[in-house]
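Take a look at these structures.
The two complexes that follow have chain A in common; it is paired with chain B in the first and with chain C in the second.
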Partner chain A sequence: MARIELKDVSHSFEIAEGKEKLEWAVKDMNIVWEDGTANALLGPSGCGKTTMLNIISGLLTPSKGKVYIDGKDVTELSARERHIAQVFQFPVIYDSMNVYNNLSFPLVNMNFPKSKIKEKVMKIAEILGLIDYLEASTSKLNSAEKQKVCLGRGIVRDDTVGILLDEPLTVIDPKMRGELRRQLKIIQRELNITAIYVTHDQREALTFADKVAVAKDGRLVQIGSPHELYSNPVSPFIGYFIGSPGMNILDAKLNGSTLSLNGFKIELSKDITDKIEIKNSECQLGIRPEEIITSKERTTETIPIKVAVIENMGSYKILTLIKKNGSNRDLSIKTRIDINMSVSKGDIVYLKFPEKYLKIFKDNHKIY
Partner chain B sequence: MKNRAWYFVIPMIVLMSIGAFLPLMVVVNYSQHYIFAGSAATYVGLENFVEVLHDSQFRGAVRRQFIFTFMILLIEIPLGIIIALALPKKGFWVAPCLVLLGIPLLIPYNVVGIIWRLFTQSDIGVIPKIFEVLGGYYNVTLDSFDAASTILLLDVWHWTPLVVLLVYAGLQAIPDAYYQAAAIDGANSWRTFRFVTLPKLRSVLTLGILLRLMDSFKIYSEPLLLTGGGPGTATTYLSLFVARKAESYELGYASAASLIYFFIVLAMSYIAFQIITRIGKGGKVE
Partner chain C sequence: MGIRIKNVNKSFGKHLVLDDVSLEIKDGGFVSFLAPTGAGKTTLLRIIAGLERPDKGQGKVFYNGVDVTDIPVRERNIAMVYQDFINYPSMTVYENIASPLKVSKNKMSAKEIDKKVREIAELLSLSHLFKHYPSETSGGQQQRIAIARALVKDTKYIFLDEPLANLDYKLREELRGQLKETFSYNKKGIIIYATADPLDALILSSHVGYLNEGKILQYDILEKVYNYPQYVEVASYFSNPTMNFLEANLVKENDDYFIKITNDLKIKINNTLKDKLNKKEYLLGIRAQAIKPNRQTKKDIIIKGIIELAEVVGSDTELHFKYKDFRLLALSQKIESYRIGNTIDIFIDPSKFYIFDKDTRRLVYRMEGEK
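This part shows the complex of A and B:
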C-alpha cells in the first residue's frame, strides 16, 4: 500500500484532438492521498472525477503534471505497472469463470504457483465473506457479491498499492447498498489499503472516507474531513453540495454591523464584525436548515416568513419558506423542524438564525 | 384462451400451416407410398425409409454433407472472428469496410453460382488461369477435389461476412470496463480474448453457428449451377440428392429421404444449441 500524489495535474481532451481552444477536464490538481487512508473524491456529474480516476489508474496520461506513487514518478507507466486496482461502476466479472477462478485470475496471470494461489484466494474470500460461493457460478451472485468479487480481484495481489472505487454502489440493490458500504469500509480498515472512492453521492463519500476532496469543474474546491466540510465550507458550493438539504445560501448586504436580507435585518455582534474586513458590500449568508430555529411564536429579532412546501421525512419535516419580493428574486429558505410541530401550508413561521452557525461568503469564498 | 394475444397469432399460424405444415404432411404421406408419376400410389409402410437408409448413394450424400458443414463452421467462424477483430472500431473506415464486407451477402444464391461458374470455367475463368500461371492444374468439372473445395471456398466467400457482422456487433457491445479490468489484472492479449471477448461473444456466436449450420445443410443452388453435383457425385449434397430423386419421379423415395434429412438438421441444430449454451456457463476453467 502506498501514498498516491497528484502534482499540478491538468488534462484537456482537446490537446489530443489538436484543437486551439482548450477546455480543461482537470485543472491544476494538487492532492495527496496518504498511505492506508480511506478517501473520497466527491463532485457533481461532469466535474472531472472520472478523468482524474483514469489519470490515477494509468488509463490516461495527463496533459500536464505528474503522478507519484510512494514518491516515484509513475506518470508514464501503464495501468498494470502501477499496481492500482479498480472497482468499476457496474460489476466487471469474468462470467465464464466461477468465483474462485475470478479471484485467482490476476495471480494466474502472474504465474503464481497453484498452492500459493489457493492460499491467497482463501484468505481474501474469508475477508470478503465469499468462502461459501467459491465454486459457484458468478451468475448465481447478486450485484453486491459481484462487486465484492471485483474488489477481491484487486486486493488478492500483494503488490496492489491502492484501490479506486468508481461509484461502486450505483447498480447495487438499495437494500444491500448500506451493507456493502459498511463492508467496504471495514475491509479498507482491516487491510489498511489506500482507497479512493469516487462518487457524486455525498452520503457515500462522507460515510466511507476519513478525508473527502470535493471537485467542481475540474478543480479541487476543498479537502477535509466530513465534519470540516459540513461545518466549515470554504465556498457556497460546498455548503450547498454537502448536507441534505444543502445549506441555505441567501443574498445579503452588509452595512457596518447590519446584515440586511431582503428587507430583514440581522445585527452582527462585534465578534463577527471584527473578523470581516469588508464593511459595506454585497455578500452571501449561509446557514444550514437544521441550524435555523423555527418557531410559531413571534419573538424579538425573528424573521416572519410564509410556509410554501412541507416535506415529511418521517422523523423530521423540511419546510420551504418563501417571501415574495416583487420583481426581485424571491427569498427562499429551507428549515428542518421537529416532526411533532404542526404547520400547514400558508402559515407564517418565525425564524431565528443563531449567530454561531452563520457563514458569510463573498465572491464564492468564505469571509467568516 | 385466456390470453388475448393468441388471437393475433392465429393468422400467422394459419399461414404457417399452409406454407409449412401441410406440405410437410404431404411429404409424410408420400414417404409411405410407392409412387411413380402417372400410376396409382401403393402403400408400402416404412419400406422407403429402409431403402433410403441402405442406399449407399444417400449415405455418400450424408457423409459429404457432414464434411462440408463441418469444414464451413471450422473455417467461417474463426475467420469471421479474426476479421471482425481486425476491423476498425470507429472512424471513417468503419462504413466502407462494413459495406464492402456486406456485398457478398446481398447477392442471391443462384447469381453467386453463376459468378463462380464464370470464375472457374476452364477456358475463360480466372481461377484456372491463376493455377496455369503458377504451374498447377485446376479443373472444376473433372477433378472431384477441385469441385468440392471450390464449393467450400464459394461458401466461405459468401457467408463469412455474416459471421463478421454478427461478431463485430457483439464486439461493439462489450463495455470498455472489461478490457480495463483485464489490463489491470495483468491479462495478456490471449487471456483477455479468451476470458473477456470470447465469453461475451457467446450469444452472437451461438446465433452465427446455428445459422451457418442450418444454412449449410440447405446448400443447393450453388453446386447445382457450378458443378451440377459432379464430377460424379463429388458435390452432391443432401438437398441436391433429394431433388435429383424427386426429379426422376421417385417421389416416395425422395419424400422418405427428405424426412430423414429434415430430422438430421433438427437433431444437429438441437445438439449444437445445447453444446454452445452449456459451454462456459460458470463451468470449471483450468
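This part shows the complex of A and C:
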C-alpha cells in the first residue's frame, strides 16, 4: 500500500469545452493520505467529491496540479497504471462467474500460477467472511456480500496501492448496512490498506475514518479527526454540518469585550479578547447545543428565552428556544437537556454559555 | 370522534399484509405507525386514507362514526404526503401550494387564497421561494412544498407516508423539528405518520402503534409504548439505537435470588419481583443509553468489553463491544475515538433493565418501576 497525495490540484470542466469563463469543480486541493490509513472525503452533493475521486483514480487529469503515489508523479498515468482499486455505489461483479472466479479474476489476468492464486483468494475470502460462498453464483448473493466481492477483487492484487470507496453503502439494505460498515472498518485495519471513503453521510465518514476531509463548493474546508472536526470547527459550516443537532451559529456584534446578540450581552474575559484582533465588528458566535447550560432557575448572567419546540430523543431532549426580535431576525437557539428535566412549550428557561466552549467566527472563519 | 378501523384484512395475491387490524384513534392525536419495512404500515395508512380497500368481508373504516369504506379518496377531504416529493413541476412553488384551494369545491376568493398560502409558506419557511419551480429547490424544500399543499386545505385528517425517508441526515433533523412545530397548530384533527425511524416516532407523536407482521402489537400513548414496550419486538425496534438483549436465568445463591446473565453480571431481586418470576429463563433488555464507557451511578455493574466498532452518530458515539459471547451496544454522548480490539471498562446501570419472558416474549417487569 502507499501514500497518496494531491498537490495544488484544481479542475475546471470548462477548459476542455474551450469556454473563457471558468467554474472550478475542484480548487486548490492539497491533501496527503498517509500509507495504511483510513480516510474519508465528506461533503454535501455538489462539493466536488466525485471529481476528486476521478482525479485520484486516474479517470480524470486535473487542469492544474499533481497527483503523487509514494512520491512518484502519476498525474499523467491512466487509471490502469495507477493500481488504485475502486468500489462503486452499485456492486460491479461478473454475474456469470462464481465468487471464487470473481475474486481470482485480476490474478488470472496477470498469469499468476494457480496455486498462488488459490492461496491469495482464500486469504481474502477468509478476511471478508466469504469462505462459505466461494462456489456460489454471485446472483445468489445479497447486496452486502456483492459489495464485499467487489472489495475483495480490488485488494487481491499485491500491487494495489489503495482503495477508493465511493458511497459503498448506498444500495445496501438498511438492516445490513451496520454490519458492512463494521466489516469495512475491520478489513481496513487488518490489511492496512490506504483507504479513501467518499460520502455525503457524516455517520459513515466519521465512523470509518481516522482522518476526515470535509469539502464544500470544490474547496477543502477542514481536515482532521472526527473529534477535531466536532470540537474545533474552522468555520460555521463545519460546526453545523458535524454533530446533531449542529452547532448554534448566532449573529453577534463585538464591542470591545462585549458580545451582543439580539438584546443579550455576554462579557468576554481578557483571555479571549487578547486573542481576537478585531475589536468592533459583526461576527458569529458558535456553541453546541450540548455545551449550553439550560436551567429553570434565573441566576446572574443567564439569558432568559422561551421554549418553542421540545424534541424527546429518548435519552435526552432537544429544545428549540426562540426570542422574537421585532422586525429583525429572531434569535433561535437549540440546547440539549436531561431527559428528566420537565419543561413545557412556552416556558422561560435560562441559558449560560460556558466560556470555554465559545467559538467566534467572522467572514466564515474561526477567529477564536 | 375520530378514526376507527374494524377487522381490516388486506392481502396482495396470497400474501396477507394486514391481519384483522382494529384500532380507534381519537381526534387531536399525532399517531405514528412504526414498523420495519414490509410490516404493513403503508398499506394500513392507505386503507385509512381510502387509497386501498380492505379485503372483501367485514373490514370497515369509519370517520367520525360514519362508514367511509366505500367512499372514494377524492370525496373524503383528506390530505396525503408521500415518501417521494410529489409536486407539479410546471407550477411555481406559490402555485403548487395554492393548487388545492383552487380546485376546492368551496370557492375561495383570490385574496383569501393568497392569505392562506402565505400563512402556510411562512410556517414552513418557503416564502422566499414563491417564484421558483420545485426542480430549482432542494430535496428538503421539495418535501416542505408537498407538506404545505397538504396543510393548506384545512383538512381534518392528514396522512404522511415516510415523508423524511429520502432526505439526508441534516435535512431530516431540520425538517423533523419543523414538522413538530407545524403540526402543533393542528390540534383538532388527526395526523397519521407511517415511519420506519424510531426517532421520528419518538419526537413527533402523541401516540404510537407498532406493527409486526400485519398486526398492531402495541398501541398507546407515546410514553407508554416507549417506557413499557409490551413485547421484545417493540422494545427492540422502538429504541434508538436498538435495545440490547441478554439471556438470563433465575437462580438462588445462598438465600438470595438473582437474575443471572454471567457470574459478573447478575441482578439481585427483591421479594416483590421474585413473586412475579415463576420461570427459569428470561430475556433481559437494556437500552444502549444505560450502558456507558464511564460511571453513571454508584450501583453500576462494571464489565470488561472488547471494542468492535465505534460509530459516530450525530453528536454521540455508539460503541459496539463484545462481552463474553454477547455483542452489545453502549452509548457515549460525545464524539470519541476508540481502538478496535482494545478492552475497556463498561458501566451498566442495573436499574434500567427490562425483564421479558423468553417464551412469550412479553414484558414481565421494568426495573425502574412505575413512572
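The criterion applied here is as follows: the second predicted complex is superposed on the first by the 368 of 368 C-alpha atoms of A that agree within 3 Å, B and C clash if a C-alpha of one lies under 4 Å from a C-alpha of the other, contacts with A are read in each partner's own complex, and residues count from 1 in each chain.
The rule is simple: a residue touches a chain if its C-beta (ideal position, glycine included) is under 8 Å from a C-beta of that chain, and two chains touch if they have at least 3 such contacts.
Quantities reported herein were computed from a predicted structural model and do not represent experimental measurements.
Look at chain A after the overlay: chain B and chain C fit there side by side. Using C-alpha centres, the superposed arrangement gives chain A a vertex angle toward chain B and chain C of 80 degrees, stated as a multiple of 10. Of the two partner chains placed around the shared chain by superposition, neither chain B nor chain C is touched by A:Thr75. By the touch criterion defined above, A:Ser281 lies against neither chain B nor chain C after alignment on the C-alpha atoms of chain A. In the superposition on chain A, A:Thr302 makes contact with neither chain B nor chain C. Of the two partner chains, chain B is the only one that A:Met97 touches; chain C does not reach it. When the shared chain is aligned, chain C comes close enough to touch A:Arg182, but chain B does not.
By the touch criterion defined above, A:Gly314 lies against chain C but remains apart from chain B after alignment on the C-alpha atoms of chain A. Comparing chain B with chain C, more residues of chain A are touched by C.
Shared-chain residue A:Asn109: touches chain B; no touch with chain C. Minimum Cα separation between chain B and chain C in the superposed model: 8 Å. If you check the complex, the residues on chain A that touch chain B are 57, 59, 78-80, 84-86, 88-90, 92, 94-98, 101, 105-106, 108-110, 136-140, 150, 153-154. Put simply, chain A touches chain C in their complex at residues 44, 174-175, 178, 181-182, 185-186, 189, 200-203, 206-207, 210, 225-227, 230-231, 240-241, 243-246, 288-290, 308-309, 311-316, 318, 320, 336, 345.
Residue ranges on chain B touching chain A, taken from their complex, read 175, 177-178, 180-181, 183-188, 191, 195-196, 198-199, 202, 280-286.
Every residue of chain C that touches chain A in the complex is listed here, in rising order: 36-37, 168-170, 173, 176-177, 180-181, 184, 196, 198-199, 202-203, 222, 226, 239-240, 287, 289, 308-315, 320, 331, 333-337, 340.
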